[in-house]
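If you scroll down you'll find the structure; I have some questions about it.
Chains: A, B, C, D and E, in written order; residue numbering restarts at 1 for each.
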Amino acid sequence: MDFPVEVILFLFLLATALTVALLEDLFAAAMMTGIFSLLSACLFTLMDAVDVAFTEAAVGAGVSTVLFLSTLALTAQREKQHPFTWFPLLLVILTGACLVTGTLDMPHYGDPKAPIHVHVAPEYIAGAERDFGIPNIVTNVLASYRGYDTFGETVVIFTASVGVMLLLGHRRRRPGPAHRPTITPEGAARMRDFAIVRVVSMGVIPLIVLFGLYVQFHGDFGPGGGFQAGVIIGAAVILYGLIFGLSTLQRVVPSPLLETGIALGVLLYGGTGVASLLMGGHYLDYAVFDSDDPKHGRHLGILLVEGGVGIAVTCAMILIFYSFAGRALAREAFDEGGGGQ
Amino acid sequence: MSEVLGLWNYWVVIVLMMIGLYIMIARDSLVKKVMGLNIFQVSVIMFYVSMGKVRGGTAPILPEGGAEGVLFSNPLPHVLMLTAIVVGIATTALALALVVRIKEAYGTIEEDEIHALAGGDGMDGRSAVQGEAE
Amino acid sequence: MNAHLLVLEVVVPLMAAPLCMLLPSKPAARMFSIAVAWITLYLAWSILGALGATEHGVIAYELGGFPPPFGIELRVDWANAYLLLLVSGIAAVVLMFGPGSAGAAVAEGRHAFFYTAVLLALAGLLGITVTGDAFNVFVFLEVSSLASYSLIGLGRGARAPMAAFSYLIMGTIGGTLFLLGVGLLYQMTGTLNMADLTTRLPDVLDTRTIVLALALLIVGVGIKLAVYPLHQWLPNAYSFAPSVVSAFLAATSTKVMYYVLVRIIFTIFGAAFVFETLHADYLLLPLSLIAMFGGSLAAIYQHDLKRLLAYSSVAQVGYMMLGLTLASATGLTAGLVHVFNHALMKGGLFLAVGCITAQVGSSAMGDLRGLGKRMPFTCAALVVGGLALIGVPSTVGFVSKWYLVQAALEQDLLSVAALILLSSLLAVVYVWRVVELCYFSEPDATQVEVTGRPPVREAPLGQLLPTWILIGSTIIFGLTTDLTVGTASKAAAQLMGVGP
Amino acid sequence: MELALDVASWFCLTVGAALCVIGAIGTLRLPDLYTRTHAASITDTLGAGLVLLGCLLQAGTPLVAVKLVMIYAFMLYTGPAAGHALVKAAYARGVLAAGIPEEAQEGERPSESDLPEEP
Amino acid sequence: MSAEQLIACSILAPLLGAFAVLLFGRVPNLRDTASSAATLVTFSLVIQLYPQVMAGDRPRLDVLEVMPGVMLAFEVEPLGMLYALVASGLWIITALYAVGYMRGHSEGNQTRFFFFFALAISAALAIAFSANLFTLFLFYEVLTFSTFPLVTHHGTEKAKKAGRVYLGILVSTSVGLLLLAVLWTYHATGTLDFEQGGILAGKLAPAQIPILLALYAFGTGKAALMPFHRWLPAAMVAPTPVSALLHAVAVVKAGVFSVLKIVVYVFGIDTLAAGDHSRWLMYAAAFTILSSSIVALSKDNLKARLAYSTISQLAYIVLGAAFATAAGVIGGGMHIAMHAVGKITLFFCAGAVYVAAHKTEISTMNGIGKRMPFTMGAFFIGSLSIIGLPPLGGSWSKWYLALGAAEGENLIFVFVLMASSLLSIGYLMPVVIRAFFYEEGKPEGAEPGHAHEHGEAPLLCVLPLCLAAVGCVLLFFGSAELQALIAPIVEAR
């Protein structure tokens, strides 16, 4: 059989995971986690999971690296080295052995006759053509057959941003001009003063937002959808925030707007379900939207739902960034003002 | 031997998972633990997706010219894993927020130092309210 | 119409959470969340009523109109209707507790978020209980867990974030193991729907993968349930969280996870496979006995009242596990009845501690001295709750002990029956420590001036009413048990017998 | 005609890959940060460009070709800017170049004072 | 008033009294009259039940079904009637005595005292009327927890330690052993109700019956069988009215009453007698009788001596039950009444001596009879009744106990009874002799200054103890009436 490319990528993946385990410098470890996500995204594409690859790249390489770096900026840079202890290794090897024995009766990798390809999947593939007419089967299943799961998924991201705002929440005051925030510590040039960086990013940000919207509405035909679009647009706004500082960003995109945005996103998703309930169908049954042409009704439903996810995720990403960045300012003001204003 | 060879990718996934678990248990730095958590969750996602792959199948997107005779990989694991990735990023975000709060409360994010500090001041049930978030 | 009740039970709190976030002021958010909790309670009550009307006691609801193995299905039988009523009832009462978000270190202007997080935790728990789809359990498990991590992190004092962080790490490991277990089941049977799993599992039961799947599911749920060796997170999480949060979580989250374990063992895999062929009870029985004794012994040596209650929760989970491992109709009834009873007891006790911390500022045992005179009703609640923990007749604790020992005797395990009663004697020791501190010792003069707090008065009605609703119900349900034992025995028969 | 296209694309792909390898070796062996970024930027612009060109030749439909061109344009636009930002930040942070005496490097570092005030 | 209402009211009356006491807490006179009124009302209600029980019917009141197959229900049968009469009767004189003692001794927080006092009596009556093992066990626990504040009334460190011992033993024996026995019975027989002739007939393997009997006997910690008797002397730290009523009448009697009721209505005396399962219990009871009498000899503190005498007298009743013969049970039943009245007289005297002369040690009580003739006279009559000499009630119950021993061919226990009577003379008579025939004399080691000039105890103390003494005598003549009351529970095979 031909030599599978996945083997090489898996070896790279193992190497990255090991370096994350052994590295002491946490910044490098954060970078390695980013590379780990990128490699797994490549592997997903090889395993025909294009949507998952897209999301993993956007989230793994993009957002979580930003989160790690901003946390490290607020906490420690290096990890204290600790003596090697045997117990964790033993426990890990033991669990690993149990898991491996469990895999012995599994269907082989890529075996077309495995139960999961026989039982439910054919209906999804046939249904996509018959009932929905939507090329991207994954988006179709995501929004309709397992729409309730995706609603849960939106609520998960909503819970995370509510939790982060609760823990790191800063006062919801209008950021006064008097406050002169500098993200980097004194003595270093601020990002805004790097002329080239500012010009280039100003050129790129609108493109990113445009691409995000393309991904949002192209979700039915190719890989993409509400969640990926939300992350991309969020990343664009965060890039703007990194360049021009939190207070200018908060003047452009005030946090009360974002809080209503995230609430709106979740309510839009839930509301579509309630609407289908009121129009006589089961919860999240989009066919009732357009009684004479169910396919069109379902299209409309999926569009609305994906829109809800997109809005919610965008606002969530930006709010989480506000909380982390806000915390850095609170810390800085605290240090500068000798105990905080 | 050949019937076992077909399972190699599951074993790689298990090794990745064990590395993630090891980082979480052995390392004391809280941020490193969150990284271990990340690896642990991505490996489970890898397991689901490699389960869905059909040899000779393409991505589950209907080509323009009709879908007769085209073999697709299983779309369901991909749907499930989109949710799992979201759960992963949500947990990471919350964990890092907690790490920031712990750093402000204890001044360190090494677990053994925290236990020494927390253990040392005994049951501070009567703890005065710590630096309140402004 | 009654089928729609199922989805409304989850969607109402889910949709209320974002709305609550937008409310401007703290009192508005608080009133709104209390109203939503009472609506969910009414819905749960009508589901229980509707279930009584159906002849074979199951209500199913297809989401999106797609038939079960393809779409997601909500399926309610006696076991989860019973849990729905408990969770929404506890939420409705605990939310009424006075300080609410004031008990937590919340940045001002952010109080509405506290109630949003509580509503999300409630919605997550209800979502787990209602759904009939294995993967959906994982999704709502994460919703409720994330909400409870952030709520615990809000506790006053420096140690709450660390407690929340260790709970997050262990909880996420548990959740991911659960996800892996569901993945293995999906891989061997091709379906995620629980009812479908039950029909398709028997012909793959002998494979090692299924045994591994069961082990992963039990360990994953065991971590969230704080079964003995996996309980390290619980004492810190419940003792450093705000009292309202620990009261809500202690009374609901471990209970829902117990329901998930029951659903996995009795519905998906079937008790015959788990206990006869695999003999899981050889492992689970000793573990639950160790939990009963270890938890109570640890509780005796605690210096902080909330930590004492947390360790006693670990012991009480041991009782529930014992009911489960006896794998008979009476055993399961005992477990389910103790779920209900323990929720009432522990919820009431934690609220009483909440009243004390609001007045005295801390829940350390030393501060309890002589409280009996200054806070008579709160200390009376502590005493009655303590008596219920011991299992004095006419309290709920007695009812659960009664059925547990019956179940043990049915299988001629006289030694286990004796051990159950002996471990409840340990409860006498730590309850009486509290009583002696409250009623028989005088506050040392130095301590009163040092804190310079206002003189300790009896807790306001807003705090006493919910406490006494829960504590009072430990007596009421101790005497009239037709609701608790009736529903639990129907659920047990259903789980043991034909399955849904 | 088919054969010519294939040969050309193979050629571009191999050269592009070789350049990437060279860049990687450069990043490993060169002494300090500044020279390393120089080596890394080779893979970023030329290496990736050639690989994309090779794919362009293979690409069937014009839509895919346009997408490949856009990708290359994006990379050309942002790659060097990223490299520049990295080097400037490192220089501002005080990362020393190897082989050059320290005092010589002190001179033109931008300091806090002479920056324009906040608008 | 129908029988059901009578049962309900007689249990609720003390509760009403308790809350009335709480209500009038601020006004001492009003509170004390309210508590005495409650005692009279309760006694009148209980006495109305007596004719119906004598006529042979069993009034029954089902309150509610707690669990499927487990009812909270009350039923009055002769033994219960006897115990209820004793408890409510003696409550009257003890309430009076308590007012006198508390006032004379100016004790602290009396409202709480009378509140829990009434609560304990209500629990005792509920135990008397319980129709099944669940109700018995429920109110047995309520009695334990309601008497705890009485034992630790003074709130001193010593009282707290005594309370810990008291509660520790009573709760661990009841939850650990008694509850296990109750559950085992429910599991074996499927019911908990008391039935004439016992419910265990044929349901348990012969080898298991002695084990179950052991669980029951040692499970009822209040019967103070030897290994589990430590709580009774420890509880003597409480004020005298508490030790008088609770430890001479209500609490300990609840213990032996439960043992008797279980032997008669759960095991059934013929099943026990047939397999001779209760022989080991006879030896255990005998051992308790003898050893506690010997210990009583050595005690100088009057209340401690009376406590150990109570332990040996309780073992009489357990011995009577262990004989598993008609006469034995009747003897046991009667001894409940005889011992109650006799022992309460002695405790009242001890209290009166303490109030008047502040003396607790017997060695310091020389010539006290001249100063307190009535008290010591009543003490003399009470001791005679405990010893069991003819003109007083105690003799009849010992007579029946000896008859029961003979009936069951275990003559050795007749000697045990005789020996213990001699021992009781040994530890009671010296007090009387020392009181009347010893000179006042300078008691060595007494505090300097004049010997404490004191007269008789206050009237409110002396009156109840004289009534009690008269009661002992009356019981001697009324014993036929008692025998007729208890006889039906053993006659009807």
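Please note the rule applied: a contact is a pair of C-beta atoms (placed from the backbone, for glycine too) under 8 Å apart; a residue touches a chain by one contact, two chains touch by 3 or more.
All of these numbers come straight from a predicted model, not from anything done at the bench.
Considering every other chain in turn, none proves to be in contact with both chain C and chain E.
The chain with its Cα centre farthest from the Cα centre of chain D is E. Comparing per-chain C-alpha centres with the mean over every protein C-alpha atom, the closest match is chain C. When the interfaces B-C and A-D are ranked by how many C-beta pairs touch across them, B-C comes first. The distance from the centre of chain A to the centre of chain D, each centre being the mean of the chain's C-alpha atoms, comes to 27 Å. Taking the mean of the C-alpha atoms as each chain's centre, chain B and chain D sit 31 Å apart.
Centroids built from CA atoms put chain D at 56 Å from chain C. Under the contact definition stated at the top, the residues of chain C that touch 2 or more other chains are 107, 135, 139, 142, 146, 149-150, 153, 161, 186-187.
Touching two or more other chains at once is no residue of chain E. For chain B, residues that reach two or more other chains under the stated contact definition are 21, 51, 80, 83, 87, 90-91, 94, 97-99, 101, 133-134. Here the touching chains pair up as A-B, A-C, A-D, B-C, C-E.
Across the interface of their complex, chain B is touched by residues 6-7, 10, 13-14, 17-18, 20-21, 26, 29-30, 33, 36-37, 40, 43-44, 47-52, 55-56, 59-60, 63-64, 67-68, 71-72, 74-76, 79-80, 82, 85, 88-89, 91-93, 95-96, 99-100, 103-104, 106, 108-112, 114, 116-117, 120-121, 124-125, 128-129, 135-138, 141-142, 146, 149-150, 152-153, 156-157, 159-161, 163-164, 167-171, 221-223, 225, 227, 320, 323-324, 327, 330-331, 334, 340-341 of chain A. If you check the complex, the residues on chain B that touch chain A are 3-4, 6-12, 14-23, 25-29, 31-32, 34-36, 38-39, 42, 45-46, 49-64, 67, 71-83, 85-94, 96-101, 103-104, 108-110, 112-113, 133-134. On chain C, the positions that touch chain A within their shared complex are 4, 7, 11, 14-15, 17-19, 21-22, 61-66, 69-72, 106-110, 113-114, 116-117, 120, 123-124, 127, 133, 135-136, 139-140, 142-143, 146-147, 149-150, 153-154, 161, 184, 186-191, 200, 207-209, 211-213, 215. Those residues of chain E that touch chain C in the shared complex are 64, 66-68, 70, 72, 134, 137-138, 141-142, 145, 152, 155, 160, 164, 167-168, 171-172, 175-176, 179-180, 183-184, 186-187.
By the touch criterion given at the top, residues 180, 186-191, 193-194, 196-197, 200-201, 203-204, 207 of chain A touch chain D in their complex.
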